[in-house]
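Got some structures for you, see below.
Here chain A shows up in two complexes: once beside chain B, once beside chain C.
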Partner chain A sequence: MRDIFEEQESDDESPDRTADARADGGVTRPGRETASGLERVTNALDERFGEDFVESSPFWFPAFLLMALFVYGAIFWNLLISLTDYEGFLNDPNYSNLDFEMYVRAFNDPNVINASVNTLILVIGFTLATLVIGLLLAILIDRGIRFENTFRTIYLLPMSLSFVVTAQFWLWMYNYNNGVINIVLGVVGLGPIDWLGNQSIVLWAVILALMWQFSGYAMVVYLAGLRAIPDDNYEAAMVDGASTVKMYWRVIIPQLKGATISASVVLMVFALKAFDFLYALVSGYRPPAGTDILATLMVREAYQNTNWAYGSAIAIILFAMALLIIGPYLIYQFRRDNL
Partner chain B sequence: MTSEKESLSRRRFVQSSAVAATAGVAGCSSLGLGGGGGQLNLMHAFTGGDGAIAAEALFEAFREEYPDIELDLEPIGGGGNQNLDTVVANRLSNDDPPSAFANWPGKNLQKYEGALGNVDDVWADNDFEDAHIDEAVELHQQGGSYRATPMASHRLNNLFYNISAVEEAGVDPESIDSPPALIDALDTVATETDVTPMTQAMSGTWTITQLWAAIMQGQEGYQPYMDFIEGNGDQAAVQAAFETMAEILDNYIGDDAASVDLTASNSNIINGDAAFIHQGNWAAGAFRNAEDFEYEEDWGAVAFPGTENMYCLHFNSWLFPANNPTDELSKTWLEFVGKPKAQIAYGKNKGAIPTRTDVDMDEFGPYLQDVAEDFAEVDYRPPSLQHGLAVTSEKMSALNDVISNTFTGPYEPEAAAQGFMDAV
Partner chain C sequence: MSEHDSKDETTDEPTEPTRNASSSSGPSDRIDIPRVGLYAVLLGLVAFYLAPIEAGLVTSLKTRTGVIETLPFAPPFFGEFTASSWASAFDTLARGLLNSALYAVPATVISALIGSVAAYGLTQANWKRRYKAFFLALFVAGIFIPYQAVLVPVTRFWSNYAQIEGLLLPLWLLGVDRDYTALVELMITSIAYGIPICTILFRSYYKNMNGEMIEAARLDGASLRRVYRRIVLPLSMPMFAVVLIYQFTQIWNDLLFALVLVQSTSSQAAPAVLILSGLGVSQEGMNFSLQMAGALLTALPTIAVYVMFSEEFSEGIAT
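Then we have the complex of A and B:
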């Protein structure tokens, strides 16, 4: 990507500007004294950050500024608030006395610990299960079945629904007496199970609902990965006498590493955002006992208790967890020169 | 050719990002200046069913009385009052307060400390102190000044029942005089009929907290309840109330309670699927809106067993923000809601009674007339635990944490009692 851009940029420039730039680029050459102060700064910046840093700034700087202000600026401000003792409406935050009191309080708060554990279980359990289901669906569809497109659409459809809709679906389906899940379980002589009322089950019930919604997405990503594998691989494995299971396990799945990584990053981020689903499930900030995650706890602390600083600290903890997930992916991509 | 196109689109890109940046900066700078003069900006959560009808009647009455004042209404429904609270909190912390917002008075005011203005003149000019019950006078002050005016009151300690269900079981609700007697009655319903003895909306914790408060009042009495909310509670009494509640929740509320919300639990009574429900008397609003479901024919109401001499208070009030964008207009609004015209327009549609003692109850229908009669006659009016009056919103949140952790099944009375004692 980077190479293409550079090529286009040099294409763009008129011949004499290119010549200028080259002449300017020679600032380190001894004996050149005509450069004004501004030019010298420009050249120094170009030297430090790469060719045409200043010249190209009109193109990237406005977007950079917007991102810096509204995304990274907001995160930084949130971090700053989490270091104050800001609460209620009585005073504005006092930035002169910053400390980690809110983080100490968070690490000693059983609610935060409980919510962090739930968040982790949700992220890991949901992502792994969704990947497995998505992979199985993708392999089934890739076997050249009939009505392939129809099935693909059916599997992907839940993804297009909003959390608000799916939460209501699952609320009804999980109903103890007349929910379809307990009715189906009853037919085979199981249950009934109190899906939403039993604290040790309810988190898995939420994970199941989210899986239903997102396994279609994992399927599409894997399907694209499978389609990119040349048929020779399958044929070679078959000729060598590998069974179908062995072929997939040894030959095909290892080639889906890229698809797995990109799908799992997206799924993990969705899991961190399960707030919408839980909110819609109970239409409130307090999800069923046993499913409290950092996102719901953060909103309760900030808006019900007006503990702004404490809510910000929980937000930063959540942000750090998201960075821990995204970070390795970014490094991986950077090493492969994709960034 | 390509390079020309490229540079053209790049120029476009630069232009559009410049426009976006300007718009962004402009958006920032206009924060805090918004609002607009002359409009009364009111935020409330009366959006569903009878609430919306009552709010419309209230605003209509205001327009009739003050045709020149323009109303800028912001109804924010959903999640109980939670979404409203969130929006109000954002507006207040951005120094962009509304003219007035609907909320609970009492300890709930503490959350807004420093953000509420003074309406002493509204109370003095209109003799509100004489016109309202003493508890209203007390609960609308903070730091020695009035911060809000009340519009209506709901009763919290009610036991509603489906008449055909209790008749089939042979239970007389009027004769149930204590929480243990209630358990006997629930047991009779369970053995004599197929209906669920009591329906309880367990999809949230708030119904459990308010049921505990009713049992605490009914079983242990007014004074132990007041001692508890003031922070000097007797742990044994607190635990005894939890034990009674555990027996009810364990045995008599229906297996699907965890996925039942307020609307669904009211429907259980209306459809005859359940015999009893404990709720604030907003439930009566739902019953009244149901077809062919009449007071004293199909449904009845008694005070929660053991609380016959109490009216557990809930207020719908309007709070007055400091740095008010429309100082005089907002005070006109707060005056209006404290007067009979508004209290009738809102109350009769919402199923709430006036907070004034001098309002003619003719328009309110038989059920609310009975409530108003009780309201005037009872010995005690304890403040509601779950609706802002008895404890600060932070303590209320802590109490609900305790319920969530120890009392949504399995039920742990001892741990819950300890948690409650620690929380207040």
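Then we have the complex of A and C:
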């Protein structure tokens, strides 16, 4: 990379020359073919990738390199570790003996299967619930109400909180004896329900709490989508005599496809990361029974049981799930010229 | 928003013929049932979104018996008021709040700067779209990576390959606790994983920027660096507000990296969320009053930032 940096420097030191060349209306750098080998290389690169490729690389390449090492390099390294038998505190991974033992173990481990099922329920349940509530909020807010900004600010407020803070609040909300939820249910003669102790409902309780935190996000995305729809679409539907519900269902919601796709990708990925919330619920690596997801299982295996290789293998399974969501999204964005 | 308000006002005007003819609802100042219902639903939702925070606030101000004996959302009116939970939460968390600020603020600023520069090189500079798209795709995917997939390597990297404790010798000589090595690691890690989202946020802003001035400057022979310094950077200030706010909230709120890099809540360098995650749990059961006070205290900086800049915040997450 040193070469490219030097090229950038020399470019800056001779702005006049470039200026002359540019003032002629030339788009590339004329009169440089006779230059040194280094310049020939940069010219060739520019030819291949576009005129500003070399000059722009000092801007984006360092960031790219740092990210590439920390994100993609680390994922590759993680993959390598998952193929070893690395465990314990003092050892180092032995990279000379790679096999898929950890993956075989994972696919036969009832904990992994259970956590995968919970992950799927959490991702799908949370995403759908949050999208529906977010859309509802957006439509209500878009009805030309007063104090619109105040309502929007309140609905979005939980989004600024940490998962850890949310977990503390909802721990209290779900408290068996004194929690708000059970007291409100008690008024209508229901409950009390042991929200966090009952294995069959605890995951839904977690989904409700996360929905509380993120529905404001879905609202903001949908609101931007609604505002982009021209007013005459509403008016045309009204002239046709459609009811408000029908108008939204037939005319407006189908136009929110883009907003739905980007919101669901973000929400699904948030759900895959729900580790912070579950950790803070119990202040420990083992979340309430019935809520163990791959994210918590991975951290527990690696950092509590020091089964580093096994934890890495679970992480790769989680990563593959994320890839199944991100991959199609990237292709979709590329096709729509957003990349 | 103002755009929408004005639309509403025109609906209010009875002289607006087309809108009134087409919509059955009258002026919104008159009381009509659907309108009342709409506001009732909106207020009900306000109750839902504020309830956990309100319950947390009143509980944090109650004595232990008050917490058990009064309704969770009732204010502490009847002698069960106490500020002792806040005092002890502050005692426990003060160090954490300082630590969080120590790494979150520099990490936010640095990742925003790097993101801006990188987005400029990937957006305003002229090179072929399909190659740009390849790099951009890598940045976008970088946003969505579950951090579990890099956790073990990051831990090993800092503990075995990049031992920066020696490099920070001047700090230790000044009497800084050696635990703060972890905070520096946390800061660099946060910067690295913050770069993708910062880059993409700036990129969406630069893509919609009016290119004429930049084009003209480029034709006049200004280098990319000069265009950035003189034109793009000054015009990016609104987006810097958005990115800084978003990124600060993200870094301040993140638990996972703090947990694996700092490890212990008793460490001198423990950030606020890490201390909070273990707060209030003791042998005698949970002290909800303390937990709520701690949660609110930890959330205070991000809530303050949010309330002051809610416009920028929602722009940040919507992009």
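Just so we're on the same page, the second predicted complex is superposed on the first by the 276 of 339 C-alpha atoms of A that agree within 3 Å, B and C clash if a C-alpha of one lies under 4 Å from a C-alpha of the other, contacts with A are read in each partner's own complex, and residues count from 1 in each chain.
Following the convention adopted for this analysis, a contact is a pair of C-beta atoms (placed from the backbone, for glycine too) under 8 Å apart; a residue touches a chain by one contact, two chains touch by 3 or more.
What you are looking at is a predicted structure, and each value in this text was computed from that prediction instead of being measured.
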item	value
Contacts of A:G179 with chain B and chain C, given as first, second, both or neither	both
Chain B versus chain C as contact partner of A:Y303, first or second or both or neither	both
First, second, both or neither for A:A228, with chain B first and chain C second	neither
Touching partner for A:A63 - first (chain B), second (chain C), both, neither	both
Chain B versus chain C as contact partner of A:L324, first or second or both or neither	neither
Partner chain in contact with A:L171 - chain B first, chain C second, else both or neither	both
Partner chain(s) touched by A:L98 [first = chain B, second = chain C, both, neither]	neither
Contacts of A:V117 with chain B and chain C, given as first, second, both or neither	neither
More chain A residues in contact [chain B versus chain C]	C
Partner chain in contact with A:V41 - chain B first, chain C second, else both or neither	neither
Residues of chain A at both interfaces, chain B in one complex, chain C in the other	8, 11-12, 58-59, 62-63, 66, 69-70, 171, 175, 177-179, 279, 283, 299, 302-303, 308
Residue ranges of chain B touching chain A (in the complex, touch as defined)	2-3, 6-7, 10, 13-14, 17-18, 20-21, 24, 78-80, 82, 85-86, 89, 92-93, 111-115, 202-205, 254-259, 261, 393-394, 397, 400-401, 404-405, 408-409
Chain A-facing residues of chain C, complex	1, 4-5, 7-8, 11, 18-19, 22-24, 28, 38-39, 41-42, 45-46, 48-53, 55-56, 59, 67-68, 71-73, 114-115, 117-122, 125-128, 131-133, 135-142, 144-154, 156-157, 160, 189, 191-193, 195-196, 199, 218-226, 228, 249, 252-256, 259-260, 273, 276-281, 286, 288, 291-292, 294-296, 298-299, 302-303, 305-307, 310, 313-314, 317-318
Complex contacts: residues of chain A adjacent to chain B	8, 11-12, 58-59, 62-63, 65-66, 69-70, 88-91, 111, 171, 174-179, 192, 194-199, 279, 282-286, 288-289, 292, 299-300, 302-308
Residues on chain A engaged by chain C in the complex (per definition of touch)	8, 11-12, 15-16, 18-23, 25, 46, 49-53, 55-64, 66-75, 77-78, 81, 92, 137, 140-146, 148-149, 151-173, 175, 177-180, 183, 212, 216-217, 220-221, 224, 227, 231, 235, 238-239, 265-266, 269, 272-273, 275-276, 279-280, 283, 294-295, 298-299, 302-303, 308, 311-312, 314-316, 318-319, 322, 325-326, 330, 333-334, 339
